[in-house]
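Following this line, the structures themselves.
Two complexes come next, and they have one chain in common, chain A, joined by chain B in the first and chain C in the second.
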Partner chain A sequence: MSGIRKTFGPVVALDGVDFTVANREIHGLLGGNGAGKTTLMNVLYGLYAPDAGTVEVDGSPVTITSPKDAITAGIGMVHQNFLQVDVFTVTENIVLGTDSTKLVAPDGSTQTPAQRIAELSSRFGLTVDPGARVADLPVGVRQRVEILKALYRGAKVLVLDEPTTNLTPQEVDDLFSSMRAIVDDGMSVVLITHKIRETMEVCDRMTVMRDGRWIATVDKADTTADDLAATMIGEIAGGDAEAAALAQTAQVSLGEEELGEASLDTSSEAEPEGAAADTVTPTPARVTVRGLTVAGKGGKPLVDDVTLSLRPGEILGIAGVAGNGQGELAEALTGTRSATGSLSVDGAELVGRPTAAWLGSGVVYVPEDRQRDGILPGAGITENLVLGSHRTRAKAGMINWRAARTEAVAAIKEFSVKTPSAATPCGQLSGGNIQRVILARAFAHNPKLLLLHNPTRGLDLRSTQFVYDRVRRAASQGCVVIVISEDLDEVLALSDRVTVAYSGRLVGEFARGEANPYDLGRLMTGVGA
Partner chain B sequence: MSEFLTLTITAMVPFLFVAQGTMLSGRAGIFNVAQEGLMLLGAAVGYVVSLKAGGNVVGLVAAALAGALVGFILSWATTSLRLDQFVVGLALFFLAGGTASLLYRVVIGNDEPPRIAPLPDLVFGQDALVFVAVALSLFLWWWLYRTDAGMRLRSVGENPKAADSLGINVTRTRLWAGTVGAALMAVGGAYLPMVFSGVYADGIVAGRGWLAIALAFFGGWRPQFILAGSAFFAAMEVLAQRAQVSGIGVPHQFVSMLPYVATLVVMVFAFRWALVPQFLGKNYDRESRIVG
Partner chain C sequence: MSSDLQEAPTGTVDDVAVAPPLAQRAKSMAYAAIPYVIAVLAAFVVVGVLIAVLGHDPAKAFRAVLTNSFRNETGMVQTVHKWAPLTLLSLAFAIPLGAGRFNIGGEGQMILGSVGAAAVGITMSDLPMVVLLPLVIVVGTLAGAVWAGISAWLMESFHVNEILSTVLLNFVSFEVLDYVASVVWSDPGAGGAVTLPIGDGAVLPGIGRPPMHTGVLLVLLVSVVAAVMAKRSVAGFELRAVGLNERASQLHGIRTGRVAVTSMIVAGGLAGLAGAIEVSGVHQRTLEGIQSNFLLLGIIIGLIARGSLTAVPFVAFGIAVLEVGAGSMQRVSGAPVEIVLILEGLILLFLLMSDVATERLQRARAGRSARRASATATPGAPA
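This part shows the complex of A and B:
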């Protein structure tokens, strides 16, 4: 691919990007969120029409205007959000759209679709149950179905978009060995990721992208994790201090374990209260949760008997594969979903009380789906910041908008929200800026319990760092923080204590430094530690 | 009793055509809400063409073509132009219904309308369309669940992005499914003057088009259950007419209400098990950046 350019309205998503994948290699496409990795591959797969640029396969130029052209050219892609028909079976999803009458086996004989699927899954270690409905399958298996879909169509180049999201460390190992088997069979694999550790572990070469531009392509043998981190972050305008902080966040959020540990030490130094609590007398709990349960359909609770005790300034991390009751747990812990049991903040019982009472007691929720649950997309930043404090703010039912605007302008400055004005509708902001608005609103409530669910998903590096800084600062001021995240590296980096959500329950508990990713991985799949 | 059965089978036919047409469009993601208008259009075109060109078969074909045109407009406006399906559907309901009325007035005027010949009986005192409607239902079931093309159509209604990523042309699939579906609806409308009344009247459809939407949900968007459901709806309709004629001690308005009440009750429960296509009524835009 050369000179690829793609714009979405005024936004330049790709700017003259060159990208080459060699035969029989695993090529890492590395960059932070918003770097344009997925957009580039969507152009290759015919989902986005580029404004400029050319694509060549095996030396000859090809025109790709739809996924059909891409499939014909031997390109297969596994999207981060699986493109599967939920109600179809594994086999139906794999054969959908293909002509099942002309299948030729490697030995030249004809094959039935079932034989082809069986052959591919045994050859590459991709075990699936062909008759199962995909909606009933766990993420790891659905991913194998996606890979089989591409292989079934005779892909020569397989693109995997952030394939390790939501996989346990064990499943990641299996995936990587399947990738190696695919490459050994004569195909090529492109691994889109923002985690340096993954590229160092499995890739032969990697290309780094930043802000829609090609930055560098290097062989694994010629580079180190530190070099890659520096390349990904690029030049920092804000001087050495900001560069150092950003590098630290990069190492955490990019999954660089050893460096992640280093940043943990720094952050605990920044929390003298927390450190003191370990050596002197234990501080009394600020937040106490007992037997919190959310009933589900068919007798199986969505949140099952959750009990927690959290000291001021403590950060609790809850890891787990998506769909294990995290969303319901987050809502139950913040009073936005009715639950039974008990939750008290500074001794005040909140379960069963209206949401306003929870907010008034300092319980603040930063939801997973920012656009849907976090903001009014059509309303301006000022209006969104007023939400939640509208009751206390109003005098005789009237809101002083002039004062609210002044506060909003100050908040925009403090939280570095990039926006044309305080009246700009929130829906027009980027994900990172929406999250900054939500955090500004959250901190305006003087939180005592701050709950964040996947707080950095889809955010660029700077916004991720911003979220981490703010979370640590809140904790150092005595706020109890609960971070629910499907990103294991994030949970390990931020938390004083780590537990795992599995099937609505919280299982296992590790203090900082004691948690091993593989132990957590076993808990995430329901296998006892 | 056998008369009741005969009447029910006859009453079933328009429901079957319209609900199967709704199902076919819906399975590709086109949620047509212009059934009532399409049935009126089919009835008017079917009546006028049968009368002037001399033959029910020509009338049925003409009705199907008129319906297909409206269905094509709906599909085109919602795929290529990405207009809101519900808004376009409602507009087409008025357009088709108004065109039907206008066509009748222009051709017949205020004269006493001549009656067209009823469809001849084939066997068992039933006309050919009865068998066509039942055969169509069975064919659609076989086609949707047993053929590759049927699976493609279903995938477009369930997850168009997945279908697109596998090289299936979402727009083309929706265009023809919406077109054929609407043609079936118009045929269901054309059946009314050919069997029941012999003439066209503006009130001839009497809400059957709206009921057919409910019937599609009731049948879980599956042809075999729609076949069963249409028998139930037809029986209700015949029962209501019976009550009106014989006076069984219950006000006939009450019995006339029954299909609607039954629909409401069924909908409340049917929504628990009905498998509605995931992208029913939702347009597909390949480059939309919901997924960053």
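This part shows the complex of A and C:
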């Protein structure tokens, strides 16, 4: 691909990007959120028509205007969200939309679709049960189905968009060895990712993108993780100190940081205090959770008997594959979903009380789905900041909007929200700025228990750093923080203690530095719980 | 990490405006007015053509419609007498709309209000005015609130769609009115479904000549309170929040069900108040057809005002002018009164169309940047 340019209105998403994948290589396409990685590959796959630029496959120029053209040209892509027919079997999903009558095996004999799938599956270590209904399969297996789908259609270049999201470390290993097998068979793989560690682990070469531009293409042998981090972040106006700080965050958020080495200034200050207290007089727990349970429809609870005890300033990380009751757990822990059991903050029991009472006691929830759960998209920033504290700030049932606006302007400054005005509807802000508004509101409550669910999903590097910074600062001020995240690296980097959500339960518990991603991975899949 | 570190990257916003600057606000207000102007003009043009096709003089007809209210005191009093129930019925639609609920039962609630007011006014007709008049007004209001409360309760406890329940209860209310006006307190001399007159102490006093009933002042007060509450109060904020995003509201401690139910009950109360004022101020009794077409017009007003409680009384006044001018138009130009309803309907229709048009324009502009955001999360390729 050369000179690819793509604009969406005034926004230049891709600015003259050159990109080449060699035969038999795993090529990492690396960059932060919004760098243009997925857009570039969507152009290759025919989902977007480029404004300028050409695509060549095997040296001859091709015109790709639809995914069908791309498939014909031997390009296959696996997106983050799979498009599969849930009630069909694995075989049916793979065969769907193809001409299944004349298949020629490598040895020249004819093959049935089932034979072809079985052959591909064993050749590349993509273990699936061809007769299983897709709806019953876990994410990792569904992803294999998707890869098989591309291979079945004769892909020579396979593009994987952030394939490790929601996989356990074990599944990631399997995926990487399958990728290696595919490449050894003469094909090429493009791995879109924002995690430096993954590219260093599996890629032969990597291309770094930033702000829609090609930045660098390097061989793995010629680079280090630190170099890559610096390349991804680019030049920083604020000078060396800032660049170093951002690079550090990049390492954490991009998955490079080694376990136990997370140097967290603020929380490490809090730790000796806690450690000392443990030996002398145990610090009274600030938040105590006992037997918290959310009943489910079919008799199986959505949140099952969760018990926790958290000291002031402690950050608890809850890892887990999506769909293991994290959303329900988050809501139960913040009083936004009815639950049984007990949860107390500073000795005050909250279960059974209305959500407003939880908020009043300092339990603050930063939800995963910011647009749906976090903001009033049609209302201005001022109104969004008032939401939740509107009753406590009111006098005689009336809200002082003038004061609220003044506070909003101050909050916009303090949390560096990029917005034309405090009256701008929140729904018009970018994801990072929406999260800043939500955090500004959360901290205005003086939280005692702050619960964040996937707090950095979809955020760019700076906003991610901002979130981590604020979380650590809150903890250093004695707030109990619970981080529920599907990003294992994030959990490991932030937390003083790590546990795993599996099927509505919390399984295993590790102190900082004791957690090994493979142990956590086993727990995440329910093995060895 | 130092604080200057976080500010620098995002570009510090030193002069974040509390609200957009005045010039910009005036500009955006002017832009907001464009669809209204276009809608009204287009409606008049279409109706003008229609009048001409029917063989009448459009200029004459429009002059009659638009000037009748302002030519003399009688026209003005007629207009404000129409304005009062129109405003209340429109608020009864717009308030639940704020919370995303549709109250299409305004006429049923108004009828029940009129029945409640008449019941008190007839059975306690001997009481002095200081006692009887407030009682009539309060009972009428409560009757409307209870009637709407049935729908609110069904909505909250059994998830019965409030559109259905309010509309269906309208039909029930017609039968209640018929029973009351033809059986319970039927006026034998009236020759129709009309009740006996209410006691003298139940009649709203009039001011001026021809007399304007003081219910108009009450409605004026109600609309000011409603506008202020919507803008400044906790209740108004919660109402808006629930309408904007029910889930987020609930997660932030707002009892969304309670807000929705309250909005329905308040709406019913206002519609009931309209019924009581019609009984006490205009007819001195209740009768079949007292609800007129106030429900329909109230919905039109509420939608033209786009749910803004501040705008409702003003839009209602415009519609009242048209309604009162309709009769005069028929007399002067021969164009039938129904033309006015067509005009009102077309204004709303064109407004909604211009909404869609402006939205498409905006989307064409803003969408391009939004598409970029979604570009990073494109759903899977077609199979």
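The working rule: the second predicted complex is superposed on the first by the 508 of 529 C-alpha atoms of A that agree within 3 Å, B and C clash if a C-alpha of one lies under 4 Å from a C-alpha of the other, contacts with A are read in each partner's own complex, and residues count from 1 in each chain.
Throughout what follows, a residue touches a chain if its C-beta (ideal position, glycine included) is under 8 Å from a C-beta of that chain, and two chains touch if they have at least 3 such contacts.
Just so it is clear, the model here is predicted, and its values are computed rather than measured.
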First, second, both or neither for A:T355, with chain B first and chain C second: second
Partner chain in contact with A:E92 - chain B first, chain C second, else both or neither: first
First, second, both or neither for A:L47, with chain B first and chain C second: both
Chain A residues touched by each partner, larger count belonging to chain B or chain C: C
Contacts of A:A379 with chain B and chain C, given as first, second, both or neither: second
Which superposed partner A:A132 touches (first chain B, second chain C, both, neither): neither
Contacts of A:V417 with chain B and chain C, given as first, second, both or neither: second
Partner chain(s) touched by A:A230 [first = chain B, second = chain C, both, neither]: neither
Chain B versus chain C as contact partner of A:F8, first or second or both or neither: both
Which of chain B and chain C A:P67 touches, first, second, both or neither: both
Chain A residues contacted in one complex by chain B, in the other by chain C: 8, 33-34, 38, 45, 47-48, 67, 77, 79-81, 83-85, 93, 96-97, 149, 431, 458
Touch list for chain A against partner chain C, complex: 8-11, 13, 33-34, 38-39, 42, 45, 47-48, 67, 77, 79-85, 93, 96-97, 146, 149, 236-238, 241-242, 245-246, 265, 331, 334, 336, 354-356, 358-359, 365, 367, 372-379, 383, 386-388, 390-391, 394, 397-399, 401, 405-406, 408-409, 412-413, 416-423, 430-431, 458, 462, 465-466, 469
Interface residues, chain A side, partner chain B - complex: 8, 33-34, 38, 45, 47-49, 66-68, 71, 77, 79-81, 83-88, 92-93, 95-100, 149, 153, 431, 458
Of chain C, residues touching chain A in the complex: 1, 4-14, 16-20, 232-235, 237-238, 240-241, 244-245, 247-255, 365-369, 371-373, 375-383
Contact footprint of chain A on chain B as seen in their complex: 148, 151-152, 154-155, 158-159, 161-169, 275, 278, 286-287, 289, 291-292
